[in-house]
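Okay, so subunit A shows up in both of these, paired with subunit B first and subunit C after.
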Partner chain A sequence: MNKKDPEIIIFACEWTPYIGADNAGVEMQQYSPFVRIIRVICTGQITPSNILTAFKNGADGVMIAGCEEGDCHYIVGNEKCIKVVEETKQLLKFSGIEPERLEIKLFTEVDGSTFASIVNKFVMKIRKMGKVQTEVSS
Partner chain B sequence: MEEKLRIGVFVCNCGTNIGGFLDVPEVAEYSKTLPGVVYVKENLFTCSESGVNEIKEGIKNNNLNRVVVAACTPLTHEPTFRAACEEAGLNPYLFEFVNIREQCSWVHKNEREEATQKAKDLVRMGVARASKLEPKDRITAGVIPSALVIGGGISGLSAALSLANRGFKVKLIEKEKKLGGLVKSLYKIYPENINAEEYINQKINEVKKNKNINVFTSTEIKNVGGYIGNYKVKAENDKGNELNFDIGVIIVATGAKTLSPEGLFSYDGKKVIDMLQLEDKLKNDGISQYKNFVMILCAGSRNNERVYCSRICCMSAIKNALLIKEKNPESKIFILYRDLQAYGTTNEETLRRAKINGIRFVNYSLNKLPEVEDNTVRVYNEILGKELLIPADLIILATPLVAPEDNENLSKKLKVTLDENGFYLEAHIKLRPLDFSTNGIYVCGTAHWPASTEESTTQALGAAARSSIHLEKKYVMVEPIVSSVYYEDECRGCGLCASLCPSNAIEMVETPKGVKAKVIEVACRGCGICGASCYRHAIRMNHFSDEQIKAQIRAFLEE
Partner chain C sequence: MNIEKIIDDTKAYFCIECGICTGSCPISRIDSNFSPRLMVENLLLGEEDDVIRSKKLWSCLTCKACSSRCPASVDFNQFIMRSRIEAKLLGENGTCTHAGTLKAMMELQTTEFFRKSKEWIPENFKVTDRGKFYYFVGCLPFFNIIFKDINVKSIDIAVSALKIFNFFGIEPVISENERCCGHDHYWIGEFDVFKTLAEYNLKTINNSGAEVVFFTCPEGYNMFKEVYPLYFGKLDFECVYLPNFVNEKLRDGDFSFLETEDKVTYQDPCRLGRFMGIYEEPRNLIQNIPGIVFKDMPRNRANSLCCGSSNWINCTSVNKLIQVERLKEAENTGAETLITGCPKCEIHLNCALFDRDNNYNIRIKDITTLIAEKLGGK
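Right, the complex of A and B next:
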């Protein structure tokens, strides 16, 4: 990776978004190569600490990919994660990191083109913002 | 003493699916430099017999204690590779899958260099995660060989009979005073035109006579605790008596109801009636005084308020139109429709027969709804492009099936999901169409979606068969990807995890060290909400622990 390239982590729940990511491959939908997907069972398991670990270690953007509201396989996991993301955005502000670098996306469709276009949009936004300038302290 | 890591990495070319778009030899060479890696092998197809054997030999010959495969998606071949590890004597949960096909080579086809770099990163992340994996044993638990069927309509009766005839005990709960459900109010059942009342009474008698079935009418579910194989159900009857059942599996067959026609097309219950009232008139020879019939389909459905199609109303209208013609060949019948659902060969044939018998079909649109006037219906025929005035002695509204309000309540007790229309939602439309995502609970009939008697029965038999798998086996085996109270001393017994758990899988128990959370592993579905919420970090998700996730994050970013 070039020093200027953004480093982006996507936490993808293994249901709609992870299947969407796989389908992007099956459909050969091309998207930015600067994202790394970490598979989780449900977005409900993601903690502020997971997200902050990413920023602390130099991530320029974190996207959390979950299922549509009302469609969580664990009923409330995604709703809970929305709150975690809101709170973590506040923590990011305290640390001098733009909260826009963190996003939660709820996927209604498992088709690959949706996944690819959402990822590309997010990468483009992070690219515009540039690399994170502040060091995050623990 | 901690065992020294001996990680084996297998990088798949997948023919040219991976090797064609990124530099597999480079990824393999790079893998050798990663901490803990002692063996690396490049395969043409890792999932082939020879590839799987290479994993097994790799484990045996190199004493591997972790295996990482970089290939396609875990959603397809994870079981294959886990089994290979297990056969070679390695705990299958010490295996890690890295997705470099669907999520790398195929989505960066024209960026060989970036794709190769990404694959290296992903392998590095996988190796870091593998280092933190722990061996796990599959969880087994007994199953109480008894089923609960909720709802005593055609679906519930069919499911109960099917299970009982295979020798399983069934508790059948119906909230109304009598069994039979919606079919009881019908005149004849399509397509064979068998007498609905006789048919349903015969089923009810079979159920009542069956020694394996206990029927509880005027009874409602109060509370559902427990988990697959071991549900504790509390119900209450109209006399206020509490009933307690120990149950292995649950079938939801609560049915649907027809939308009330109040307020639609000048409904008055006399001259403008709904389809169920027509069925009643047919049953009691109450149609001989009418000559001109008009049926309005999609009454109250497929509009902004209720977007879905109820599917079965078209055919029940056509069926009843033919029955009217049979009783009174002189009658004139108009069916006003928007689109016709006459799917399948039998239905198409019936529609054709209706047309041959002189039943007229008039196409109207949502923008120009028919208007009911004195002794006429005014309708704009979309095909002719002009307005028609149709004489009408009796106007019948085909209203859709809608979900009972009670679904909201019951679904919460069962911890299962509803769709946007309030019907019960299956786990997967194709892979698990009769299961809920909560293990051990199944759905059939119109509780799921508007369905014909035939479809409801088919689904009921399917749900009975699905649920009987567990009853027959007498045990359930669950993947050990569940949460556990890993640091019990840290648990303060606050109960937050238990209250947040969407699967009722955490109980608070009294221990010598005070109240502690305890995970009912067989009920846990592994969402990890508990772990994310514990302010003491006492409870955690096995196999997707914070430590493992953070190892992946750091491995990506530290390079």
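Right, the complex of A and C next:
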């Protein structure tokens, strides 16, 4: 792995996006190798500390993949997560990390190509922004 | 294990089993399973697992109510802190409050790329990058974001401090490289994180050429004044608690307060009171504001009750009951405003105001905010 390659964490809800990730494998869809997917039961269980710890440990971008609004298996998990992401973005802004490095994407479909394209788009965005650490030298 | 060293360093062997510590402990009053005396005794008797492996170890507020009264001068705070370091080595841990957000936020500050944004500074205030006076903002901008849902605006304290500085013609240094003071990690036994944060802070302050560092948070003040010198030697600058500085100015007759109408009482933060012995200065300031009726709570100064939680661990119904008890005590004095010197007291007591069983007619206000509001002509 190149030092310039971004490291991206994806928290994926097991009900829609994670099935999408699974299907991406079955359909042999190609997507960026820089992402690490962490399966969560529901995006509602993600706390700001999870996201902050990811950045602390060297992540350059964090994407949260949840289910569509109104489609949460646990009724309001994704709505709760949207609030958490909003708050965490403010915390990141006050910590010298661009809030754009954190994103929440709500998935409606479980097919692999959707998952792969959304992930690729996010990785492209983070690649353009560069590593978090590079800001120190600049 | 370094159990013997803990006993030696904290002079736990002097314990005379009088039980004053347990009688003084705000937690023991409500949760009879928690007993500082038994913890010391168990460690002395060699039953380390009862202390180190116990969940009770993380309930201590480190408010110093016990050790300030101990006739044998056992340093129970250090005892708890050192035991927690041992417990961490065994993989034990307290339960983080707020889903660990605050702890994660402080740990994020150990990274090199961390920059504390200056966005909160309103445009009409004068601050500089290098100078003689440094203002240590601490965690206030983050508290402001995390606790906005309980109506706590911690950033008001920092803005008020700027107002006070500018009033006295001081342009304080505010640095982006400043970190958390490491208070919470120090007391929960994560020594490495504390040390990293402290090193960053000392480097930042020394680079800014500051001679005097001002604090509005007693925890940061206590850390810089008492704990940093233990590990980093004598500091190159002077540490001042901002209300103390205002108090000196008031004594010199440099300014006067505006007239107001309020009934207030004062909560002694443990870090300011029992740790640093600052009891009279804040009271003097409050009483000098014309029109304010000041009445102390029955438990005041060294006997003051803790705000119920510290270090962002183990906040349970016990802590909530302590806060409710304190709020009722404050209300019984007839006060409409409870003044406190610590941003954390403000947060914790405000949180208890959401208790649905009681309707409180009291507000919580920080002393720095009060001073800034009432600053009058020179």
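For the reader, a short list of remarks on this structure follows.
By definition in this document, the second predicted complex is superposed on the first by the 133 of 138 C-alpha atoms of A that agree within 3 Å, B and C clash if a C-alpha of one lies under 4 Å from a C-alpha of the other, contacts with A are read in each partner's own complex, and residues count from 1 in each chain.
The rule is short, and it goes like this: contacts are C-beta pairs under 8 Å (C-beta built on N, C-alpha and C of every residue); 3 or more make two chains touch, one makes a residue touch a chain.
Note that this is a predicted model, so its numbers are computed, not measured.
In the superposed model, A:V40 makes contact with subunit B only, not with subunit C.
In the superposition on chain A, A:T53 makes contact with both subunit B and subunit C. Contacts of A:L102 after superposition on the shared chain: neither subunit B nor subunit C is touched. Residue contacts after overlaying the shared chain place A:K93 against subunit C, while subunit B stays out of touching range.
Contact with subunit B, but none with subunit C, is seen for A:V76 once the two complexes are overlaid on the shared chain. If you count the residues of subunit A touched by subunit B and by subunit C, you find the higher number for B.
When the two structures are aligned on the shared chain, A:I126 is found in touch with neither subunit B nor subunit C. Note: residues 47, 49-50, 53 of subunit A belong to the subunit B contact set and to the subunit C contact set alike, using the contact criterion stated above. Those residues of subunit B that touch subunit A in the complex are listed here as 73-75, 99, 101-111, 114-115, 117-118, 121-122, 125, 415, 417, 420, 427, 437, 481, 500, 502-503, 525-529, 531-533, 541, 544, 546, 549-550, 552-554, 556-558. For subunit C in complex with subunit A, the touching residues are 96, 99-101, 103-105, 107-117, 119-120, 141-142, 145-146, 176. For subunit A in complex with subunit C, the touching residues are 47-50, 52-53, 55-56, 87, 90-91, 93-97, 132-133, 135-136.
Per the touch definition, subunit A reaches subunit B in the complex via residues 1, 7, 9, 14, 18-19, 21-26, 28-31, 33-34, 36-42, 44-47, 49-50, 53-54, 57-59, 70-71, 73-77, 80, 84, 116.
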